[in-house]
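What follows is chain A paired twice: with chain B in the first complex and chain C in the second.
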Partner chain A sequence: MMNDTINRPARTYTSIVTSQFKKNKLAVYSLHVIYVLLFVFVFADFLANDKPIVMSYKDNLYFPIFHEMGVDYLGMNWQKEFQTQQFKLISKHFEEGDWALWAPVPYSPQEYHLERKLTPPSWAHPFGTDELGRDVLSQMIHGSRVSLLVGFVAVSIYVFIGVILGALAGFYGGWIDIVVQRFIEVMITFPRMFLIITIVAVIETQSIINIMIILGFTGWTGVARFTRGEFLKVKNEDYVHAAKALGYSDFRTIFRHVLPNTLTPILVSATFGIAAAILIESGLSFLGFGAPPEQATWGSLLSSARDMLPSGWWLTTFPGLAIFITVTVYNLVGEGLRDALDPRLKQ
Partner chain B sequence: MNEKLDIKPLLKVRELHVHFPIFGGILQRKVAEVKAVDGVSFDVFPGETVGVVGESGCGKSTLGKAILNVLRITAPDVHVAGEISIEKDGEYTDLNTLSKKDIMPFRADIQMIFQDPFSSLNPRMIVQDIIKEPLDLHTKLTTDEKKEKVAWLLDKVGLSPEQATRYPHEFSGGQRQRIGIARALATNPRMIIADEPVSALDVSIQAQVINLMMDLQQEFDLTNIFIAHDLSVVEHISDRIIVMYLGSIVEVGKSDDIYYNPKHPYSKALLSSVPVPNPAARNKTRVVLTGDVPSPLAKPSGCGFRTRCPIAKPECAQSIPELKDMGDGHFIACPIVTEATS
Partner chain C sequence: MKKSFIIQIILLVGAVIWTNIGAKNKEVMNDGFNANAGGIKVDLTGDIKIFDSSPTDKAVKKGGTLVVAWSAEPENLNYYTSTSANAKRFLDYIYETLISYDYADWSYSRPILAKKFEVSDDGKTYRFYLRDNITWHDGEPMTIDDVVFSMKALMNPFVDDAPLRAYYDKVIDAHAEGDSVFVISTSEYYFMNLEFLGGFAIMPKHIWDPKGYMDEFTIADLNDPRVTRERSEIRQFADDFNAHSQGRPVGFDAEPIIGSGPWRFDKWITGEYMSMVRNDSYWNKDEIYIPLMAEDGTNLDKIIIKTIQDPTAMLTALKSGEVDFLPRMRAIQYFEQTNTDDFLDQFQKVTYNVPAYSYIGWNNDKPYFQDKRVRQAMTMLVDRDSYNKYIGYDLGVPTIGPFYIFGKQYNHNVPRWPYDPIRAVELIEEAGWIDHDGDGIRDKDGVPFSFIFSVSAGSRGAKYLSLMMKEDLRKIGINVDIRQLEWSVYVENLRDRQFDVVMLLWIGGLETDPYQIWHSDNIGSRGSNYIGFRNDEADSLIKNARYEIDEVKRNAMYYRLQEIFHDEQPYTFMFYQRDPGAYTKRFNGVKWIPIRPGYNFASWWDNQSVSAMAPSN
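So, the complex of A and B:
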């Protein structure tokens, strides 16, 4: 037994979890889909844009997409010849030696071509165009940013709130526990969707940041309850007693000894929470309470396509599929994580 | 309480009461309390091992935790009264009156070895960090010195320094208990409270761990309080034994006196329950108790043991018996036995 342990290479907790996770093929594929989504999220500007990535014009090399970022965020100005930003027009007057490398989807989400409105999927527009002739794929690529950002930010906010409140309630008990528990109960009495809609209606200014914060501040109850329950269980383990007998501070005991042993269900519920937040944002946008009208999100795409059914089937099918796939892969990864993080780690 | 009156005790416990409140009703009012430890007094002298025995629920673990002073943190509602004084540089300090901050220097002096080696080590920390953490708080060693000390401690408890980067789940029960011992030793304690340290282990491993504890006691000049329900183990390791029943001490004495010549009817019953391997040598006069331990919520009046005592008399219900000296450091709390012998 003893020799056995000495000769076996040390396995860290992470490596055990990784190998357990890899046994679940579906979860691994889902994780890859999430990687693709993250890639789209980060590089949306380069995947769908009406400006070229690289352009050679009159013997000069230009990077219009980078330049656009500079204009948007760093206060730079457009060069004189590009003031109009009509690169597609400019490209029509290309002379010998001029060339441009376009984004894979050479349309911006706002760019409309009324002469091409409501065209079904084609090579030029793989997911078709909407009633103003805007490219659906381009809108979806940029909309993914909102959807995914809402998921991450909202969940981060509510995991933070939930863990802190749950940890305090579970660790200290007594009146803190009673106050937190009653607060949770009051929160869950409100149907979440109606609570969100009410707050959105009161706030008036529609912005995606507001949606994230509202989702964050309404969603923490589940995490708080999980954390509280886990804390109640773990704080009576002997290693926590040992920590107290050694005189460690409450802060150290909570964050170094108790919290790491309670993270499993929190992590899993956070993964499911991302899926839920994406769904709620889509729902809100569908109802018109979500992102402002000029911002394309998967939910608002669905919403505006509602009137075009059944003839404009591509307008609802593709954004709907995107929501469905995203929510599904997050749930599958959450399930894979839950199994892999099982405390009874099978070797 | 002991014949070694010239030696100052390291630990003095006087009239220790630990009461757990029971809350009930909508308003969570206190409706009753469990007197887990009910007026316990004893001394522990430097260098000795005191065994504490008694059946489940008699308050022995609570006694250990009360001495360790963790109850008020782990169970804030609990009521701990009495004196728990530890000697330091010739002076006694009552730990029970110290604030959370003032008790810090004494935390290093008393350390605990836990019963369940599977729950006493943080599963998300490697062994090295588990042993190093007390050093962070209680010593001012440099990182290298700490590393050295961890390796040295691991060596002392019979583990190899290469195992320092492992997680607890990679060890067997006995090895985990050794890690727990190394952690307890890290602060250079003067007193170790071992709460049933071997009851979760295989018999073969039990002997190893007990011998290790005895060796370390010699080497580090430790004073041990050994809480157990296995009498043969306690007899082997202890100098003196305290027998507890329902939160009170019923008999105190030298290990051999208690083991071979118990006086209190409860100790007699407890000892006759120890299995004897040789069938021919089995004690013919086994004392078998009937009934269960009364609930600590509703203790019998007078002597707590009278409901199950084979020699109980009506006057046992009158008053709580006090410990009476039977000579040679042997005390029992049973007026009927004391009267019969005198």
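So, the complex of A and C:
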């Protein structure tokens, strides 16, 4: 018996949480779905694009999608013959020896074909086309970027704000606590959706960055309260007194010693927060307040589909499913994480 | 993580292989919506401009109720102060004017309250001879005093009718001559004078001004700021007039509006409906109400105008029988959602012309749109016909200028610019817009060809067109940013000329005066020439045509003006609109006309009406 214990590798906190998490099958599957979403997020350009991935043209090898990134982010220029970027047109005049390898969805989200408007799902357009003849699948792939980006960035912003304010309030107490608490109370008296719509209406330019910032600045109250509560609980622990006795600065005490021990519940609430942010962004885009019109997002897809009903079922079904699945998996992962971190449920 | 990543890579590679090798030649087309969708396309070309979409072989029956759905409710029902088009449409059945459109030749000359009228040789003085048998809805006789009073009320500077009053700024005098002649003088001849001087609603003086505040003042007094400032009665009257209960008769026990027309005001329940009933003691029973259009202004017993904002709810109301007539449906409803046999058996679908055209306005003062070659190129870059076919369901009628295609002012000899992107690029390069700095966007003198297309938040057509343009122009090195704006902000930006490109609709009439929109006087200070169109020849044509008495000479000037528009392309003129509508087949006498709103309930009758005779009083 004794030997057994000695030979077993030391059970770290992470490994305990991981093994607890793995017991929740649903959460594990959900995590895999998130991996898929991340994959789509990263490789969206290669999954759906009207340019070929690789192209051999007049004995030269080109990588138009990579080149496009260079043009967009590095200030490169298109080659003379590709100035108009109409690779599909070029490919129609291919000569002997020319070839192109296309992305799995060979349409960009903006590319329109009026003569194909509102076609139901088919092999060419697995999720159908919208009222301008744009490929819905391509729009959804690129729209996933917006959804995930909004989720992560908005939550990062508000976790950052919330943790700092909550930590200060909890650690110092006194008038700082009173000020922060009252501020939180003022913030939560506004219904969040209305507050967001009001701010969006004031800002004239529509952009996804604005939405992320607004979501970030309106969502931090929950995290701040959480952190404050955790700080109140932890700040009288012996190790905090020890840190104080050793003469560490408040900054070091707060961020090196107290904060790491309070982060787990915040992590859980952040996971739920991502789901909520995605939902709010979809709602805003649905109402026409969110992304600019040329930007494909799941919410704006749904919104454009609203008027098509009852024709055009595919316009509501697929983006709706995508939002539903994404929000669900984040919630399931959050739940799994919460259970795994809860010492009372440990077996 | 590792496992799922490998699986994803395998799936991706599989998908790439599938697209590139597995599924070649897979073209789909959605070429056809049903172009007529079982409806009637009202065609007003040729001389006859009245189109009956219902069977004409039956005798007119009396009785029945018509329920119509309009999408917006007026803010008030004061004929002069209301800015809502729907208020005027409703009140046109209750109030009457001295003269109106003659449906035979569409000149403004059909006598109504005036039995005849005379215009002096210099075109500045108008004499209207009032009939002597007119009675108001409350039984009082209409006298010449009512006519003079109405003109004074309209001209009162404190009455909230500034947009309307602007058309009467040349009026210098209006008075009664004897018991039946109304004389009105203007300082200048203006070709649209008759339409305004004979086309204002006559209101009962004994209701609106029982104390006779306006009696002692003349039009000259009202035009004189010194008098209007000093005499408190003028303001007193205007305050009463603006807030008069006749202007907002809301509720079940409100005093009805007193007019003289064939219809009496019935009720206005805000948010629900407005209604009118037949005026059984209409003064003009013996004469043909509108020749060629309606023998009698009142075939029906009652007309109810319901307010239904949501288009889907509108269609549902029609289907359930709650509403009989939808004047404006959504195109997708007309062409794709109402094609069942059931629907077509019960309802008649119609697309009809309205005098409103859509256009893309290029701000002529922005560096990229200063050169007319660029504006011509922009027109040639917009694939207007595909847009009309696929987005607009072929409802648009192409136009080359601002005048109504069914009017006499329209120049049918001016060609339309074709859709020709190759020629367009040549023109843009000729104008000097070449990518000098090699960033993929054309530029000239350091200004990149990058503009903002402003789209009003509710406008789908503009949104789709802007998306198409963004994608198309990107390929030729022009950047388009799309900005969606709330309508109020949109209009504000328009007036302040803070925009690059807009897409909008102008609503006009059979004849219009281009001065307000096209003369360079109206650039800035919130004038309607907000795109900043300047052309000396156009300016002098517009000014001279206004005061040209000879119609042929005047229209020749407008023809020339359209040639200038064609060359300058200040706007890209898109389409005159056709509105899709539907009504229950229970109604006959459904006639369509080229003036707003395109229909007139006077001609409608209910073929299933049980009361074959008019009920007695």
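We adopt the following convention: the second predicted complex is superposed on the first by the 335 of 347 C-alpha atoms of A that agree within 3 Å, B and C clash if a C-alpha of one lies under 4 Å from a C-alpha of the other, contacts with A are read in each partner's own complex, and residues count from 1 in each chain.
By our rule, contacts are C-beta pairs under 8 Å (C-beta built on N, C-alpha and C of every residue); 3 or more make two chains touch, one makes a residue touch a chain.
Note that this is a predicted model, so its numbers are computed, not measured.
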| item | value |
| --- | --- |
| Chain B versus chain C as contact partner of A:14, first or second or both or neither | neither |
| Which superposed partner A:206 touches (first chain B, second chain C, both, neither) | second |
| First (chain B), second (chain C), both or neither touched by A:257 | first |
| Touching partner for A:244 - first (chain B), second (chain C), both, neither | first |
| First, second, both or neither for A:236, with chain B first and chain C second | first |
| Chain C versus chain B, contacts on chain A by residue | C |
| Touching partner for A:174 - first (chain B), second (chain C), both, neither | first |
| Contact residues common to both interfaces of chain A (with chain B and with chain C) | none |
| Chain B to chain A touching residues, read off their complex | 65, 68-70, 73-74, 76-77, 103-104, 107-108, 110-112, 114-116, 119-125, 133-134, 137-138, 160, 162-163, 165-167, 169-172, 175, 180, 183, 187 |
| Contact set on chain A toward chain B in their complex | 1-2, 5-6, 8, 10-13, 172-174, 235-248, 256-257, 260-261, 343, 345 |
| Touch list for chain A against partner chain C, complex | 32, 35-36, 39, 43, 46-47, 53, 71, 75, 77-78, 83-86, 101-106, 110-112, 114-119, 122-125, 129, 131-133, 201, 204-206, 288, 292-294, 307-308, 310-311 |
| Chain A contact footprint on chain C (complex, rising order) | 1, 4-5, 8, 12, 15-16, 18-20, 23, 26-31, 311, 330, 332, 336-337, 386-387, 389-391, 438-440, 455, 457, 460, 463-464, 466-468, 470-471, 474-477, 481-486, 489 |
